[in-house]
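See the structures that follow.
Next come two complexes, and both contain chain A; in the first it sits with chain B, in the second with chain C.
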Partner chain A sequence: MNWMNKKHIFLLLILLPFATQAQRLMDRHGKVKFFSEAPLENIEADNSQALAALDLSNGNVAVTMLMKSFHFDKSLMEEHFNENYIESDKFPKATYKGVLKNFKKENLNSIQDSLKLSSQGELSLHGKTNKVSPDVVFYKNGNKLMAKTQFVIKIDDYDVKVPKMMIQNIAEEVLVTAIFSFETETN
Partner chain B sequence: MKKLTFTLILLCLMAMKGYSQDDLLSDLEAEQPEGPQIVTSTFKGTRLINGHSVETRKEGTLEFMISHRFGTLNSGSYNFWGLDQASIRIALEYAVFDRFMIGVGRSSYQKTYDGYLKYKLLQQQKGSVNMPISVVLFSSLAIKTLKRTDDFPVTFDDKLASTYQMLIARKFSDRLSLQVSPTFVQYGLIEANETRGDVLAIGVGGRLKLTNRLAINAEYFPQLRDKGDQFQNAFAIGVDIETGGHVFQLQFTNATSMIEKGFVGESTNDFFDGDIHFGFNISRAFQLK
Partner chain C sequence: MKIGKIVMVIAIISIVTIVLSLTLDFGEADAEIKVPATELATEYLNNEDSANQKYLGKIIEVSGEVQSFEEGENPSVVLGSGSDLVRCIFKDNSTSFKVGQKVTISGNCSGYLLEVVLEDCKQIKE
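On to the complex of A and B.
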């Protein structure tokens, strides 16, 4: 191996990590909302500051959000959510780390209507981590690649305790919806 | 040459590590902006027990509040240890903005109407902004409408009392919050001995949270004046119980009145003599916008 070849390999090695980084799509203003229906009242909150990343080289996905960024219509409900149920001071974040099954970058580029992929990963919330497998639907919106997911979580799985007298007010299952929008360079 | 090669490989490896696939989540978390974090829920209610806490409600919240004090525990079995008697205040309190509240109330004690303004000047914060305390400015005006049975000449001004407070509090931990409340009350007349006077008191109080929904509170308002034998400093100890849209406060106190001008300067009962009122505050919040 002569010196020139070595030089090329070095350059390649140095540039490789940057190339991998370019394979990543990111959304800093992801929208996550949850909804639950209980006999006495519906509970609904929105977070529009979730962070999400998708690695195009291998289909890895990651999502993180601050619990205090969830906003409710009823301010007292928001206070109780942070103070009594989710304990945001102790557990400030919710995260998802997973991988999209049968992921191919080319398939994303050639989306006509939409593309549904299932993912498998771990959802961490309120200090507890559980395996979940939400489906993700990808579709195009202008230059943007959109990713939408919807799944149900049981609050009991995340050790969120509801006092007996509040059972009428709080549902045991919560529907979570998330929409992420990624800028793409392809178009 | 070998040295250079080694350095370059090392650099490459370091760079690779930084972008390793497994760390997608930790890379993402590093991107999370570190903003100021507001320290919320220093106390559960807008009252510590008798006096106001540094809490204000969020914009558009209307609170309907009922405060109630029974008679004294040492009034004997004939009065069912105080439960036969009642002093009550009903009030509507509204958060005009996140940091600004107004309220109107009517107390059965001396048939008094009151109105107050409450503004949060400083909010305790941590993170990128460090603010160690919350400070609230409070003022209220009360008018006594109880008719006199004697013909002592009383002007309109004599029936008024105004209160000015600066509430300073800090949430030291998830469990412990403490508050200091310098209070100045200007009276038309002080009912019991009918001498004109103003009262300066330095209230102190705190809460100790036992569980997420249960806390113990205590509050004391020592007066900085020669109050004689007749008047006592207001002392109260109680618990906060939180259930959904309600905060339920139960307390023992020597004060009969539930507004500043009443409990700070007009309390005549001695807590340690057994002149203790059992009482409660209940509030129900409605979100108007």
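On to the complex of A and C.
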């Protein structure tokens, strides 16, 4: 049994690079940040463990992240975020599934400066799903293909409830920034 | 006389407590659950929701064989075998592991994303 397992892993290890290289780019350590400016204090959190996949054959994009991987400077803020606002025990993940418009694999290979594509998809967060259409900017960094996006979400759209006494502390709109880095063999 | 004795006893107890609290490290939270890495991953693969109810947000101690190690700002080590994998993420960037090494690590469970993810990890010396 053990030997069978090892054999499978071995096969997987050999085949995986071909499969991913041809069809799909993946980043296991995507960086997602959110920032909100409220009258009393700014709130900022970082997640450096987001998972992103880009299907090169059709421009489909999938991003998933664990809510508990968002970290704040103040641990109390992190606790409130997880327990009171985003309820990460009930809704442990956020996902974006979408497609890049006018996507052509060749265009990615021939990027000189940067390439901006608009995407259209659905963002699921806190048990609510909404249509969003963030732009994605692609650029090269050495051998890596980088993808950056920035968009604003309204917390009300995701059913995140803020108690009246906290309204001075929590903004209604949150700026989300995400940067992904994909290894590419071909330059 | 009696009062003097009581004061003495209290004084001795407080000194012992202070000395103990200085020498013993009470700062590190003990793991709530101890489980082999492959078993934890299997539970997540079988039923993510029920595994989350059991493990999410808890400090878990996992033991297993190192499959891979990634250096960097937040080094991470993957334990387990086959598709039953647990990723342990460290804050300390001097952390280092060798593939094949058997280790025990405790960390805070954030959920499942390709692998079970434990954050804020510490290696447990045996």
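Please note the rule applied: the second predicted complex is superposed on the first by the 166 of 187 C-alpha atoms of A that agree within 3 Å, B and C clash if a C-alpha of one lies under 4 Å from a C-alpha of the other, contacts with A are read in each partner's own complex, and residues count from 1 in each chain.
Everything below uses one rule, namely that a contact is a pair of C-beta atoms (placed from the backbone, for glycine too) under 8 Å apart; a residue touches a chain by one contact, two chains touch by 3 or more.
Just so we're clear, the structure is a prediction, and the values are computed from it rather than from any experiment.
Colleague: Overlay done on chain A, so just call it for chain B and chain C: clash or fit.
Modeller: clash
Colleague: Touching A:28 in the superposition: chain B (first), chain C (second), both, neither?
Modeller: A:28 sits against chain B and chain C alike.
Colleague: Once the shared chain is lined up, is A:48 touching chain B (first), chain C (second), both, or neither of them?
Modeller: Touch partner of A:48: chain C, not chain B.
Colleague: Should A:128 be classified as contacting the first partner (chain B), the second (chain C), both, or neither?
Modeller: neither
Colleague: For the overlaid complexes, name the partner, chain B or chain C, with more touching residues on chain A.
Modeller: B
Colleague: Taking the superposition on A as described, I'd like to know which of chain B and chain C A:82 touches: first, second, both or neither.
Modeller: Touch partners of A:82: chain B and chain C.
Colleague: Touching A:66, do we find chain B (first), chain C (second), both, or neither?
Modeller: Touch status of A:66: both partners.
Colleague: First (chain B), second (chain C), both or neither: which does A:97 touch?
Modeller: The first partner, chain B, only.
Colleague: Considering 77-85, 95-103 or 113-121, which region of chain C has C-alpha atoms that clash with chain B after the structures are aligned on chain A?
Modeller: Between chain C and chain B, the clashing stretch is 113-121.
Colleague: List the residues of chain A that touch chain B in one complex and chain C in the other.
Modeller: Correct list for chain A: 28, 51, 64, 66, 68, 82, 89, 93.
Colleague: Under the definition above, what is the set of chain B residues touching chain A in their complex?
Modeller: It is residues 5, 8-9, 11-12, 15-16, 18-19, 21, 24-25, 27-29, 31-32, 37, 40-41, 57-61, 174, 212-213, 242-245, 285, 287 of chain B that touch chain A.
Colleague: What part of chain C is in contact with chain A in the complex they form?
Modeller: Chain C residues touching chain A: 52, 56-57, 72-74, 81-82, 89, 108-111, 113-114, 117, 119.
Colleague: Please name which positions on chain A make contact with chain B in the complex.
Modeller: Touch list, chain A to chain B: 6, 10, 13-14, 16-18, 20-21, 24, 26, 28, 51-53, 55, 57-58, 60-64, 66, 68, 73-80, 82-84, 87, 89-90, 93, 95, 97, 163, 165-166, 169.
Colleague: In the complex formed with chain C, which residues of chain A make contact?
Modeller: 5, 8-9, 28-29, 48-49, 51, 64-69, 82, 88-89, 92-93
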